[in-house]
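Take a look at the structures listed below.
Next come two complexes, and both contain chain A; in the first it sits with chain B, in the second with chain C.
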Partner chain A sequence: MNDDTNTAVPNARPVLDVRDFSVDLTAGKTISPIVDKVSFEVHEGRTLGIVGESGCGKSMLSLGIMKLVPSPPARIAGGQVLLDGTDLVPYSNGQMQEIRGNRISMIFQEPMTSLNPVYTVGYQIIEALRAHSSMTSAQARSRAIDLLRQVGISNPEKRVDEYPHRLSGGMRQRIVIAIALACNPRVLIADEPTTALDVTIQAQILDLMRSLKSESGTAIILISHDLGVIAEMADDVVVMYAGRIIEQAPVHSLFAAPSHPYTQGLLASIPTVDGDQERLQPIPGTVPPPHDRPDGCAFNPRCRFSDAKCRTERPPLEEKISGHKVACWHTDLGAQP
Partner chain B sequence: MLRYAVQRLLLAVPVTLGVLLIGFILLNLVPSDPATVRAGPSASAEVIAQIRTEMGLDRPLWEQFLRYVGNVLSGDLGTSLVNNMPVTEELSRAFGATLELVVLCLLWALPSAILLGMFAASRRGTLWDRLIMGGSVAGVSLPVFLIGMTLLWVFGYKLQVLPFTGRGGPLWTVDGLRHAILPSVCLGLIFIGPVARMTRTSMLETLKADHVRTARAKGLSERVVIFRHGLRNALIPVTTLVGLQIGYLLGGAIVTETIFSWPGVGRLAVGAIVANDIPVAQGAIIALSLGFIAMNLIVDLLYAALDPRVQAK
Partner chain C sequence: MTERNETPVLEVENLTKHFAVGSRGLFGGGKQTVKALDGVSFTVGKGKTIAIVGESGCGKSTLGRTLLRLEQPTSGKVRLDGIDVTAASASALRAMRRKMQIVFQDPFSSLHPKMTAAQLVAEPMLLHKVATKKDARARVAALFDLVGLAPYQMDRYPHQFSGGQRQRIAIARALAVEPSLIVCDEPVSALDVSIQAQIINLLTDLQAKLGVSYVFISHDLGVVRYISDEIAVMYLGRVVEQGTKRELFSSPRHPYTQALLSAVPRPDPSYRSQRIVLKGDLPNPLSPPPGCRFSSRCGHARDICRRQEPQLDAASPSHRVACHFWKDLGSLPGRDAARADTAATLPASHNA
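After this line comes the complex of A and B, so read on.
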């Protein structure tokens, strides 16, 4: 945990300020929210972790910030995405093209398929560079080689002309990171960047991201279903469930006092360092699909504290301790795991 | 790339030998005696027997075949039984005409098919999409001769806007081009349906790919995303399909040439078979097969140029 870096940022304007952001999904005649009034801030040089099980809407949220949700079926339904104070939601696709890859970049989960197989990695980096600057191709090429070196690729002068199929998954993810960093973005969104990689490579990629953050001051949104990764990387954490934020706190506070039963469940399912497998308790049940979300608290069918109120009234996201918000009717119970 | 090309070229050698053998056997199965054809209807039995010996037709089949292959390799395809012209001379004229027809057909049909497919993909589910896809099914299921006869009747006979028999001058003259329009449209129509269909499917598939999302996330314009990261990749399966369609294309060329009296290899082959002119028929079959092999080679190379993963294998 990065307690040392968690000196509260004094009223500085966040780089990215997401307010009541919603994404709807249309399936047949039903329209259901898959991201529901989500709000958070990300500050310069800090990492916001977004955690939640698969299907919680994390990818839709990140694509929504880029205005790249697959449409149809999905659609941005409301809210604001303020980048350095300017709302991107009303932006046209043409205006967004100047933001994407330039001021907000993204890294995806699937390194094996995220690169175009028919172009060299150098070409794909140069393409990003030249989309947002007036570099000559020679300048862009030498910058691409620098970027490859920066993301830890050995022999970059040679690798720059390689096709993606000749590289391993870890290498390809480094290339994707190089593309994302090409234009020194203000915000880097990493959607499960290490999920598809094995443990050793995962640690290397996380190390790389950490050093890049400290060098560049880029604000990072790190999405993961793995609280272990979040604990290691994030300064602040958002816990999502069924499209909503159910707990939001600085990382030390979240791990010291996890307050939502869902967060507690996620914590209980992290393998401990001493390998005590007995304590692994996955949360029973699964995330309900968007068109079939229960009334009240969306987590209630899976929650051991659930009562009549949980089944009918949705708990608001409220600040319980300073900086620590929870959406639960039973935080008093939940706070004592 | 060069190594790949040489590999492919070497592979074409046994295929060519196979073609020679099959052509030879097929034409020996035809119940007709070349010596009788050459001698003419009024020749006596002795004359025919003498011609048969001269032509080596009394030798065993395998010997005839070896001699034939030897001749072909030295560029001698014999002379026509009907007009005594060297077969190579007739073929070179006809080959030019067929090449002209096929190239002209590909020049308009391939881009049109790809554009139609892309258009249908971009208007997926609309009336346009259904019209184009419906039309392409019709194009695939209608026989070539029906398409050809319809074109001939409507544009040549009823409207009288285009000539419909034979070849005009060279393609770059107005007359030459006008003569080539109906046959190349006819040939193109059989080709355009499957290619448009494949382009549409492949384009829709590609645009869903992760790397297209990466391209968008880089801030590339929609035009660049669609052409550079969509179409370019979508053309890989389209190229495979075009390779598979070459046989149909050449078969279609034979029918088209016959309908529009286009003096190409296909028409030459049909005429020679009808007249029992075996050396010409054999030569035409060899020419068509070599054309087939050459076009496949071109498609293979194109495929390798489009997809860097191919050469790696």
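After this line comes the complex of A and C, so read on.
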């Protein structure tokens, strides 16, 4: 559990320090930024939640950190990704192979497609282990069984020889997590890890991720469109819109005082399970495509506070209260969630 | 709830749909059946919404398809405006389909990519002869206006629309034949939250304006709370609890409903850890547990639960629960236990 005392950012060097990171997308002759000068830090044993709707750049950002952006059409256009102080951006693909699955791991939304259907789950965990260590196959197998037990798979000695199609969606996602954690990564990037799962199974997986994090101290980047999942899991939150960070804050501060009109709009448009609502307040319009982003604040065509300045000048991401940053010219107006 | 004095738009009585699943082995050793729907009953009044809630594999989509007789029911009755759908001949059924329409989850695959938006919306009208080719366009324009699309978009193709707009086209298409009932099968699950809210508001506005009834199939309890009058919670082909929105949300009786409600992540960091985390996965529908189907995952299961299937029991005239122990459990048991449980497995601080 997290309480307020826990939300202050530790002084230690962040495990992952992303600075002015940009990814461009080329379509024909136009080059448009899909991740636009994004900066954040992730600390040991903490979870950074990245939230936003489709097209906000959250998945491209995570692929960018892993240097897995599909290139072309996308390419890393600038910035730094410092893992324990070392910049990964200039790394070659060969050097990244050493990092991926070892010091930074990733889990994806669809456990069906991230496992290879023709190999047993044990084989796939052992493959990850042996790629990054000098274990014998017997050692790797027993470690694989340990990992399965750790992610809550019952009867791991038997399950280790099962093929993925024999397992349920929730079990598959546990296997994917076991593979991701095989080499004790410094950072785990989880891109919509529970979106494809039912809520009761989602609850199990979120519980698992929380307890694994507190055991291992792995820093987690959790990407989700679901503000409920973010509220439940994250220590710090980044809200993205049209490739940019528009709000960044410790989780309690973000939900207690959402300050960007977009964040407020997102919260107002969720139908809640607790309490009756008169009417949902949708955000009008849609997210602009990357090649057609408006000048100034990217949210201005959908924003009720929009004025001349919003349409011409891009608001910087500025600290409004301690630790709570907002990119809006009108945060004083938008205090109402 | 249905007013007692008028015929409900939809009456579903003991609806059952069993699927025979392939033969096992080369020599056919006996077919197995999946009881995708097993004795489901409910009614929907004019201008009302019943939500069918449950997780994947609970039978909610099969229910939607069987209501429209896109699947032939194994047994049971469906009556639409008092007329038996299950017994209708092919031609009678075609005429009846005008009164019941469906909106699917995925607006990317439910619209023909080579037809314009206007053609898509006009098609059902022409098919059911609600309009002639000549006046169809004017009616399409009116429907576009009704669902919040602009007239200049009429001759565009589906790929030129966003997901939310496509769902508006699908809704306009369903409304084109002035149905009394629309089955909405996860109509907003593929949409972003800000767009989802637009579509939900549209559906509620249309209902207020046109008096259409909805069977709203969803896994999202937040959406369901917002849109429905009545709710049926399904688990492995059976309704385990059914009641008005107020009854279901303020005093859920079935342990599964309670777990489902508690498992929804709330956009509130202080809510953390109040969840009832169910053990295990949904059982294999080919071999559901004996007795109560939920017994293998239920924290309160006792011997009788594993032997005898509980029937729906009236907790109030409008609230029914299929659990042997609903009276003993109270409206929200388990919650405190769950809290203690989670607290025990989690350390006090992530930095520890």
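Please note the rule applied: the second predicted complex is superposed on the first by the 322 of 337 C-alpha atoms of A that agree within 3 Å, B and C clash if a C-alpha of one lies under 4 Å from a C-alpha of the other, contacts with A are read in each partner's own complex, and residues count from 1 in each chain.
We adopt the following convention: a residue touches a chain if its C-beta (ideal position, glycine included) is under 8 Å from a C-beta of that chain, and two chains touch if they have at least 3 such contacts.
Predicted model only: the values in this text are computed from it and were never measured.
**Q** Thinking of the overlay built on chain A, is A:I179 touched by chain B (first), by chain C (second), by both, or by neither?
**A** A:I179 sits against chain B, while chain C stays out of touch.
**Q** In the superposed arrangement, does A:D146 touch chain B (first), chain C (second), both or neither?
**A** Neither: A:D146 stays clear of chain B and chain C.
**Q** Under the stated touch criterion, name the partner, chain B or chain C, that contacts more residues in chain A.
**A** Residues of chain A touched, chain B against chain C: more for C.
**Q** Is A:E110 touching the first partner chain B, the second partner chain C, both, or neither of them?
**A** First partner only, chain B.
**Q** Using the superposition on chain A described above, determine whether A:T200 touches chain B (first), chain C (second), both, or neither.
**A** A:T200 contacts chain C only, not chain B.
**Q** Per the contact definition in the header, classify A:D235: touching chain B only (first), chain C only (second), both, or neither.
**A** second
**Q** Which chain A residues lie in the overlap of the chain B contact set and the chain C contact set?
**A** none
**Q** Can you check the complex and tell me which residues of chain C touch chain A?
**A** Residue list for chain C touching chain A: 55-56, 162, 164, 192-198, 200-201, 219-223, 225-227, 249, 259-261, 263-273, 275, 277-278, 281-282, 342-343, 345-352.
**Q** Under the touch definition given earlier, write down the residues of chain A that touch chain C in their complex.
**A** 1-3, 6, 10, 45-47, 53-54, 168-171, 198-204, 206-207, 210-211, 213-214, 225-232, 235, 251-252, 255, 265-267, 269-274, 276-277, 279-284, 286-287
**Q** Per the contact definition, I'd like the list of chain B residues that touch chain A in the complex.
**A** For chain B paired with chain A, touching residues are 209-211, 213-222, 229, 232-233, 236, 306-309, 312.
**Q** In their shared complex, at which residues does chain A touch chain B?
**A** That would be residues 66, 68, 93-94, 96-102, 105-106, 108, 110, 113-118, 124, 127-128, 131-132, 163, 165-166, 176, 179-180 of chain A.
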